[in-house]
Structure formats: C-alpha cells, structure tokens
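We just call them A, B and C in the order they show up, numbering each chain from 1.
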Amino acid sequence: MDRLEDRAAITDQMFRYARATDWLEIDNHRLVFVDDAVFATPHSGDLHGIDAVVEYMNRVLPQFEATQHHISNIWIEFDGAESAKAVSYVRAWHRYPDPKKPDMILWGEYHDRWALVDGTWRITERRVLEAGIEPRREGGVPNPRRARA
Amino acid sequence: MDRLEDRAAITDQMFRYARATDWLEIDNHRLVFVDDAVFATPHSGDLHGIDAVVEYMNRVLPQFEATQHHISNIWIEFDGAESAKAVSYVRAWHRYPDPKKPDMILWGEYHDRWALVDGTWRITERRVLEAGIEPRREGGVPNPRRARA
Amino acid sequence: MDRLEDRAAITDQMFRYARATDWLEIDNHRLVFVDDAVFATPHSGDLHGIDAVVEYMNRVLPQFEATQHHISNIWIEFDGAESAKAVSYVRAWHRYPDPKKPDMILWGEYHDRWALVDGTWRITERRVLEAGIEPRREGGVPNPRRARA
C-alpha cells in the first residue's frame, strides 16, 4: 500500500464532489472533473463534457429541498503515475420541498477513472450504478453485482 | 496533500467522539474536546465548555435505546501548524425504547475547528448543521446549503 | 499516529470484504480472512474457518436481490508489528426480491482482530454486533453499548 498522498488527494476530490452537489456549489464540479469528462447515471445517460455535467446538475438538483451524498468504501487502484481507477459507495439522500413526497434514497456505486492533470487529480469518467432506490419502484435497474466495473 | 499523520489523528478523534456517544462512554468526550470548547446543535444551542457538553450528553443520550453516528466525507484544511478546520457528514440514527416510536435520524454536518494541544488534536468548536431529520417534522431547520461554514 | 500504510491496507481489506459480499464474489473472502478465522454474527453463531464462512455467505446472500455494506468509523489499534484490533461501523442494507418485503437494514459494528500474514493483512476474528435492525422486530439483541470489545 503506497501513494498515500495521491489516495488522500483523490478522496478529498470525492468529497468536494459531494459538497458541490449538496451545497448547490455546482460550478465547483469544474474543479473535480476534467473538461472532457464523461458522467453517466441511469437517469442522465452518458453526459459528455463538464458543461453538460454542470447543466445537468443545475437542472436536476434545485428541485430538492436538500440532498446529502455520503461516500464510503473508497477503493483506489493506480494503473500509472497519473492514472487511477476507483470504486466507492454512495448513499444519496434527496428530500423534496413537498412534505408529502417521501425522501428518495439512492444506494449506489461510483465507478470512476481519475487522471492527474496539472497537479490535481480529476475525474475523467464517473459511472453511477444503482444497487437500489427507496422508496422501491417498478422497473429494472441493473444490479451492480452483475454490472461489475 | 500532506500532513497525513495529522489527518489520521483528527479522523481518529472524530470516531472517538462517535463511540463516546454511541457507547455511552460520555466522559471520553473529555479526550476529544478542549476544556473551553464550544459545541452547538440546533437543539442544544451553544454549549460552552466540556462540562456543559458532558452534562448535555448525559441528559439527552440515555433516553435512547441505541444510537449510531456514521461519519463520512471528512474534509480537513490546516490553517496553521496546530490549527485546522474540518467538515464532515454524519448520519445519526436514534432508536427509542418504545417500539412504537419510529427511529429518529439526523442527516447532518459537523463544522469544526481543531487545535493541537499537548500533542493531541482536539475540537475547539463543533457546529452541527441539519440537512434534514426523519421522520420529517414541521418547523424550519436551516438548510446547510444556505448555512455554509 | 503512524503506520499509515498498514492502516490503509487494513482499510482496503475491509472494503474488499464489503464488495465480496455485495457483488456475490464470495470466494474473495478467502483473500480477506485467514484460513482459520472466526466469524460471528448474532444470526450465524460462531463460524470457524474460511470454508464455513464462504459456505454461510453462499447460503445466505443469494436470497437477497441486492445488499450494500457501508463501512465507516474505522478505528485501528496495533498491538504488535503484525497484529491489530479494529472497530468499524456498518450500515448493511438488504433488499429482497419480493417487492412487498421491506428492505432489512442492520446498524452494526465489526469488532475485529487482524494479522499480517505473508505481507497481507487478514481478519483472524470478526464479531458483528447489532445496534439495531430495521424494520424493528421483537426479540433481544445485545446493545453494543453494553457489549464493548
């Protein structure tokens, strides 16, 4: 186990992503992703480029009264001096302004590719896998067990 | 990214706080806070001094059958050799002895100031922000998005 | 605070355990436990040896459509060059294929012993303590507050 500084830097960026999302500091995603990043969720499809990511976040997030993205189980594998893969777990809580709408919770995984660019680790690709959503709803979501990175 | 030992030491103290709370080892909070610490929650108001913190914990926590404070997204910024700011997320689960009372869950954030005192990192100020509480209840809680540190 | 590389290696193994469980890569538990490990949960009783652990996992886990084990609050104490104790928190989410069955969630703690064997940190003993289960059910479970390691 080595490259502890790189691991800490990537971990920090993962949390910056969460705060940029939860605090509606959406432009801060520009500090986390590379310009030509790919961001893919089961709901967004594949988004190409940081402008598309920021546009998507600006469109989707303000509908919630609050969100909180708890990141855990961070696993990083380096495949070069400036390149890494990572898997992490997320429990993403979403509260609607309408008190009659139940909170929506995503149990998911982030499957990422990271690159060291000008001294900063950034996401080049993030794929969000759903393990499940609460409240439970109809319709198929790939089980990450069968959608391994 | 440096000062990894200091980061690990602060992280350890954050978890000591959780265990002191969840295991009712409330006096262990004296190992986590400085004597003249400020501890503030939306429910407690600002508490001044470790004695007030311990008194508050001893008063509030035994009403629960169990609690669990899951800490994640730990973000630390040093602003001196012996001084740091930190933000972390917490999902605090509280179970009442009465099985008809639903579990209470706080989705929150800790906004801290830390100091290195006699070789040990300790909290000088901890402010708990609420992103939301389950079950949902009436009344306003500042959304941390709008209550940034 | 030192031995950061050892801490990171143990942490990595904790997450490998979670993925081996959640992704049904159950044989990967052989990379996490020593051959003669003890694994104990309130439901399994004490299991002796990795074969028993793998058999138990293979029997129990496929009944769920999905699981996710979020590990947090990882606390490691070394009591030798090749030996450590660890406590961590887990929120283990289990979804049944039957959509009418509510998700089952364990709020628990792992109380572990770890050993460095041939250059790899492995679990020699893992005891799972329950802080609580959702949905709440009858019957006594030792409260980890009173079942400290």
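A few comments on the model shown:
What we mean here is this: contacts are C-beta pairs under 8 Å (C-beta built on N, C-alpha and C of every residue); 3 or more make two chains touch, one makes a residue touch a chain.
Here the structure is a predicted model, which means the values were calculated and not measured.
In this entry, chain A maps onto chain B through a rotation of 120 degrees when their C-alpha atoms are superposed, rounded to the nearest 5. Residues touching across the chain B-chain C interface largely differ between the two copies, under half of the numbers being common to both.
Between chain B and chain C, the centres computed from C-alpha atoms are 25 Å apart. Contact with two or more other chains is made by residues 4, 70, 72, 91 of chain B. Chain A makes touch with chain B in their complex at residues 4-6, 8-9, 12, 15-16, 18-19, 22-24, 65-72, 91, 93, 95, 99, 103.
Put simply, chain B touches chain A in their complex at residues 1-2, 4, 7, 70, 72-75, 87, 89, 91, 107, 131-132, 134, 136, 143-145, 148.
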